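Two complexes come next, and they have one chain in common, chain A, joined by chain B in the first and chain C in the second.
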Partner chain A sequence: MEGPAEKLKADYSTPLEISGLTVSLKTKAWKCAIVEDVSLRVRSGEILGLVGESGSGKTVTCLAALGLLGPAWQTEGEIRLARTRITDAASASQLVSVRGREAAMIFQDASASLNPIEKVGKQLTKTVARLRGVSTGEAREIALDLLRRVEMPDPEERFHSYPFQLSGGQNQRVMIAVALAGRPELLFADEPTTALDVTVQSQILDLIKSLRDETKMGVVFVTHDLGVVKEVCDSVAVLYAGRIVESGSVERIMNAPRHPYTLGLIESMPTLSGHVPEGIEGQVPAPDKRPQGCAFAPRCDKAQERCRTQLPLGARSDGGDSVACFFPLEGNLGRTERPELSSHSRPADGPSTDALLSLKDAACDYDTRRGKFRAVSGITLSLNEGDRLAVIGESGSGKSTIGKLMLGIEPTSEGTATFMGNPVPILGTSDHIAFARSVQLVPQNPFLSLDPRATIGSQIEEPLEIHGIGTRQERRARRCELLESAGLSLDLATRYPHEISGGQCQRAVIARALALRPKVLICDEATASLDVSVQARIIELLRELHRMHDLSIVFITHDLRLARSLCSHVAVMRSGQLVELGETSPMFEAPEHPYTSQLLASMPDVEVADSRTMETMQ
Partner chain B sequence: MTGFVFRKLLRTLFTLFLVVTFVFFVLRLTGDPVSAMMPDDTDPAILDELRKQWGLDRPLGVQYLEYWFNLLQGDFGNAYRDGRPAIEIVAERVPATLKLTLTAFAFIVIAGFPLGIFAAVNRGTAIDRGIMTISVTGFSLPNFFLGILLIFLLSVTLRWLPAYGSDHWYNLIMPVITLGTAGAAVIARFVRSSMLEVLNAPYIRACRARGMTERAIIWTVALPNAAIPTITIMGFMVGTLIGGSIVTETVFAWPGIGRLLIDAVTARELAVVQTVVMITAASMVFANLAVDLLYLVIDPRRRYASGTGE
Partner chain C sequence: MAYSDASSAFERRTSTQVAIAHFAESPVIVKLAVLWLVMILFIAVTARWIMPYDYQETALLSRLLPPGATGTSGDFHLLGTDHLGRDLLSRLFSSIQLTMLVAVFGTLFGAVVGSCIGFVAARFRGWVDDVIMVLVDFQASMPFVIIALSVIAVMGTGNMLLFILLVGFQGWERYARISRGMTLSAVNHGYAAAIRLLGAGTMRVYLRHILPNILAALVVQVSINFPETVILETSMSFLGVGIQPPNTSLGNLLSYGRDYLLNAWWIAGVPGCTIFFTTLSMSIVGDWLRDVLDPTTNSGT
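Then we have the complex of A and B:
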């Protein structure tokens, strides 16, 4: 009999081995499996990408491996870290001795993962002293050295900073330094770059790779972004509804995915070369509503009777290729090129006669405690009828402020904002009411912009009521029309926001924005909180609406790939300045401003260089 | 830092000014010390004479200005009856009250914090529910009732403790429990919810992930973070204690300013009442100032936000 956290002979070649892992959430009354029959192996120096959409069980798998799940969770199967077997019965002290030493973990929100009231240097020093059993003085030296190794700028100075004084990227560097404190053989990285700007993300990814090379530690890299996977991982395990559906080397998976879900995910990713994402129909089943056969079958266009009743043999991530599908795809991935949306070719910055919305030398100041803060300045750009303008930039670049100026939420401090030749009225004035019919906003978080206590249908009708448009019957009819054009089924009208998925909520918000037949739709990070397969479908919807209703779109985003797949023009923002403005394809092929090139180079991309022949056959 | 303290201090002084003014007028509008002191059948001429003697016949505004004039010179006025300075009468009662309230404050912290932490760590278990039930009972009991209950139980029935007196340490036991129970119950609840919030924070999970023991996490990471919001409550607690001490001192015949206040109000000893009220108000206001400053010491985020950082 093996003891609960029995010490094994050190196995430096495979610091993580999981087989047949099932993790369930249980209460007295019910038990629900979140992760089912997962097997994976990570070798020293290997970066394994654990990929999947929200709710697929990626994070739960990592937490289970460190025994970090609470008492409400039950794990079955085998988990072996470098020298230790982790089981439910492992005692607290056994787990404590493993964590940080054999395996460490870094998290998505680094700024929230550090003790907010202790200086980072002190936190790091304490961790080093504890994990390496050295004196505080020695630990301090090691801690400083670790900060240098994670390439922290001014490490001596930063040592005495509190987490709130550091940027997200710097905090993530601190977290990585803390994770390295115990010289672990394995690192779990749970979406460590998701909350970061692209240029910072690419630095952190490089850092993780170089530390891996240096220390030969194994890395489990959890992410939903296949572009990031392609950038850092050696092998990939794709999770869907708690099971590994496919695994293999990065090259193989990205070039020749065999599971329809993997293909769907790859196709959902917009690319810098302009691939138009195609989403996957339907949504991930909730853990307690997973179907009997293959969980992907209801969304799979290749599914047959067998898929719905039988479970395909689980894929194992153990170095070789493996796929859990009765009818795996074969051949290389190709791209279906879709016709570019037509766009009148014109310079976006020139004073144009038929400009719908334009900003001229516009600046915007915010009042802060320490006086005025100029968020953007000297912005000149215009949106013509039928344009799709992307405003891209990193956080704090002023891209949302541009949206606010266009919507009249903020007044211009200098320069002008005009709509069809007239100044944009400011929110709250009587002119703004009429203006709002023509320009509508789609915000980032659909849940927050819907009233939780009103039905979807009534919220879609609301703009019509406010503006006194049509009779009751006419509004009802328009509501059905709107639901349909947003790709929602009519019976959703009677549901409440919490009863429908995130993607459906965002569609409802779009439907509501379209109720007044606006000329311009301003989408502020409208897909940023959605899963990629859902995001792709929203992009599809926006393209469709553009085509059908001759809608002009301003798409504010940090994701250059989205800008490429949706927009005709791009405005690149950096610290409140407009650094480059022009048509999308020429700019992406030959950016003029060095910052644009830097952004493009930092953006992880799934695009495969050559193989563009479509050969998905059975 | 000094600028911040200076601004806080100015505001504190303004609060004190308002308190003094309010007390001055309310006391004079609600009853006449002369008629309260003398028998009902006293000759009105004598009453008038007394009023004149004590300066009560002059317009309120004049009395008020004179009061401030004396106050700024350190003169708090004299008691009508024996003519002793009010400040002296109050000062000899302060130590007893300080002893009672400070011990009660220590009791609140020593009982409230561990109970709250213990309940939070054992969330949802019988321990948690038990502590919370006791806590609800604790702050629902009026403290005069709790005092009488204790006397009945410990003095009358069990004969363990004397019902009154203030000379020995054990005389403190019942008054402190009477005065501190409600506060301890409130602190326990507050610490519990604050701890629960902190224990769910991402940085706690990160601490676990790097192998810190649960005990170390609770005491060195979670508690300091959870203690920050409880400091506000502790500031309020000072006010509750001073208010509560009036009742408690009366129940246990404790020779502090609480009982002095009750006596002085009945006798309409204006100078004494004003002095007691001013001292209690000042201690509350300074407790709140201390809370504000304590925040700066323990929460670096506030330190930098208030522009007082390094």
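Then we have the complex of A and C:
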């Protein structure tokens, strides 16, 4: 029996075994390897973290294991999923018998993965009936039971809800229930919590862990967040440019990484205890431009001649420690503490005469079809010159609205927003043009905030042109200055946004915002769409700009770790209310409001949680 | 989702090189269509100099000569003559010139006016937007020929400028819809908001940033609208309310030729074929342009 998806002898202890997997994307003209020589093993009851930045091949590896790649892809090497061998030649019907029963997958955006026009209970029931071959009535019972097992609040009621009526976390629970419907031996979780708020994320992570304990299934957990890895995984495989560069137990990797890339990733993570992230120089090479030797060599400060010409032996993730490096690092991770930025110690909420930007009892209403919706209310805070204020909160907490009030995009419905003693002018009025020179925004998505059809250089120059500053030559000179201070090379000026990377785009946006020498920079989730190593370097850039230009920064984020590493003051938002405001370190060490401590406790961290935070959790 | 920080080195090519490369890869039929249009355009520009005879000169002795015949005075008529003995080739050239004049300027006028109306709707929203969109719906539900005929009936025939504007107005509602819709999405896209936050005025945001980004869609719409304008012009002239003698357009030619279809087919046949091939070429090129300019099928600049 030599079928392409032949049944193998049952091997319950290792539901997934991949060896020498190479996945290539090919067209008529060219072929390009996305994943090269990957070997993995997942045992029952083990959670394997597959870590890497975007483009490292994490998702492709999972899709290949489930035979979900399209006809343009070619896989070589061996994949064994529970009792089935997956090959390119496996027919659709053979794969259907595998998917759901032997392995299931959950995705990042659960709301998009569920059928929007069918009640979740019905979707779940259908899947159960199909995978377990039971009658609809029985399947209904099992489906309800599954909803209870994924700890869905009011399962009977939610059973009759449509996906849009549920929150993101509840949808992810439904998705997990669907994945469990066929009692799989292996679960692929592709960034299942990336789109969720931290408190919800920690609930979902707990759920995955407890389900693993209950069912003894193996889990492949794909993520880019090392904090999450530390929280949930037993072992880790670090992917870089399509190859596993290091693998081992989670404790060993986090405490004593041996590959320079792993170390770089860990160093890039901001922590709750205030570690200032250090990024990794350079960029991930594109799949068709990977260097001949070690792919990380061009970015590695320990690289020697050998690294550039020879490929180190590939690391395998099969339980033991393994590293693909000629000169692996020794010893434990030593944190290099960096000096904290100076901060004027003063009460952040107190009335201060020199407040640059302040909100007083500010409220903001949005018009909706059902009348007015109050996004924030009773906000009193102020930003002094040189302050770095973090506004943190979960989605819907009104943190972005604060940014809009400060920028004059939205008028205050109650209270006042003032800038240097004068009310903040509303966007579109003539006063706002002058105001725009002092307060600038760095939005979340750099690709969306740059005009796709204008060169980077002309966009950086544009604010100067708008405000009629300088002659053409002076503007040209200022443009070079700005590119340099944002850490961009001058030849990028003639490029278009789609020709440069996300990190470079965000730098260009920052350069454009700085063109007018503003006093305040408002960063609305400015690094949320970037990879960690890139995010770390943007944070570094912001810190440097703060130092050099005495810039005041309002940093709106959901990531408390970033707030800790960058900001002097923190404002915590919850459903439109300001719950806590104060200086960063005291608040992180001893939060006063229970919500703040809850947030702190939910935040996955690469370092051991502070014992004090643990206490206040109770 | 996190964006890759990997930027592959791009080969820098100027837009002209890209356009030529696209054209070289296009199917044969597109090349033929472009060739035909280039020829028509050449004729339209140079008609005055390349027409062999005066297009108004009658010669009653050489009436209704078939293509390739030689008249009594020894004149050679490549496409024959009409019922008044006028050289059909010269009349064809002159007609192409006038038809193209009406179509090109009319289409451009319609495109500019329609897009501006769309911009206005998107900029002001509220009741302005509502009123404009109702007008657009109103226009879309009414055959334009009827409107054009009633305007001509009131204003009288013979006013060339009015006729060009009237014909060009055809299809304005589609430009308005496209520019309004795309402007709204561009505003939500973020770059427009970002530039406004830098202190830029409405004109800068709309003309310098949004217009270049939606131009591709408008160009495609122009290429679709153009043949319709040609058809509208010819049908109006055919009905006798368009271009008035002594000027002549393809529609006029067709209309005169109708009476002689049985014994002199070429009088109607030649302009008929010209209209057919020109509009067909235009549609083919338009379809091709839509594929080439569509950002979802073509990621490079």
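One rule holds for everything that comes next: the second predicted complex is superposed on the first by the 605 of 618 C-alpha atoms of A that agree within 3 Å, B and C clash if a C-alpha of one lies under 4 Å from a C-alpha of the other, contacts with A are read in each partner's own complex, and residues count from 1 in each chain.
What we mean here is this: a contact is a pair of C-beta atoms (placed from the backbone, for glycine too) under 8 Å apart; a residue touches a chain by one contact, two chains touch by 3 or more.
Note that this is a predicted model, so its numbers are computed, not measured.
With chain A as the common reference for superposition, the partners chain B and chain C occupy compatible, non-clashing space. The partner that reaches more residues of chain A, of the two candidates chain B and chain C, is C. In the superposition on chain A, contact of A:115 is made with chain B only, not with chain C. Once chain A of one complex is fitted onto chain A of the other, the partner contacts of A:311 are absent, as it touches neither chain B nor chain C. Looking at the shared chain after the overlay, A:450 reaches chain C, while chain B stays out of its contact range. In the superposition on chain A, contact of A:420 is made with neither chain B nor chain C. Of the two partner chains, chain B is the only one touched by A:131; chain C is not.
Of the two partner chains, neither chain B nor chain C is touched by A:25. When the two structures are aligned on the shared chain, A:469 is found in touch with neither chain B nor chain C.
Using the contact criterion defined above for the overlaid structures, shared-chain residue A:289 touches chain C, although it does not reach chain B. Once both complexes are placed on a shared chain A, the shortest Cα to Cα gap between chain B and chain C comes to 11 Å. Touched by chain B in one complex and by chain C in the other is not one residue of chain A. Of all residues in chain A, only 66, 68, 92-93, 96-101, 104-105, 107, 109, 112-119, 127, 130-131, 162, 164-165, 175, 178-179, 181-182, 188 touch chain B in the complex they form. For chain C in complex with chain A, the residues that touch the partner chain are 1-10, 189-191, 193-201, 204, 208-209, 212-213, 299, 301. Here chain B touches chain A in the complex through residues 201-203, 205-214, 221, 224-225, 228, 298-301, 304, going by the rule given at the top.
Within the complex formed with chain C, the residues of chain A that make contact are 53-55, 108, 194, 224, 283-286, 288-289, 407, 409, 427-428, 432-434, 436-437, 440-441, 443, 445, 447-454, 462-463, 466-467, 495-496, 498-504, 509, 512, 516, 529-531, 533-534.
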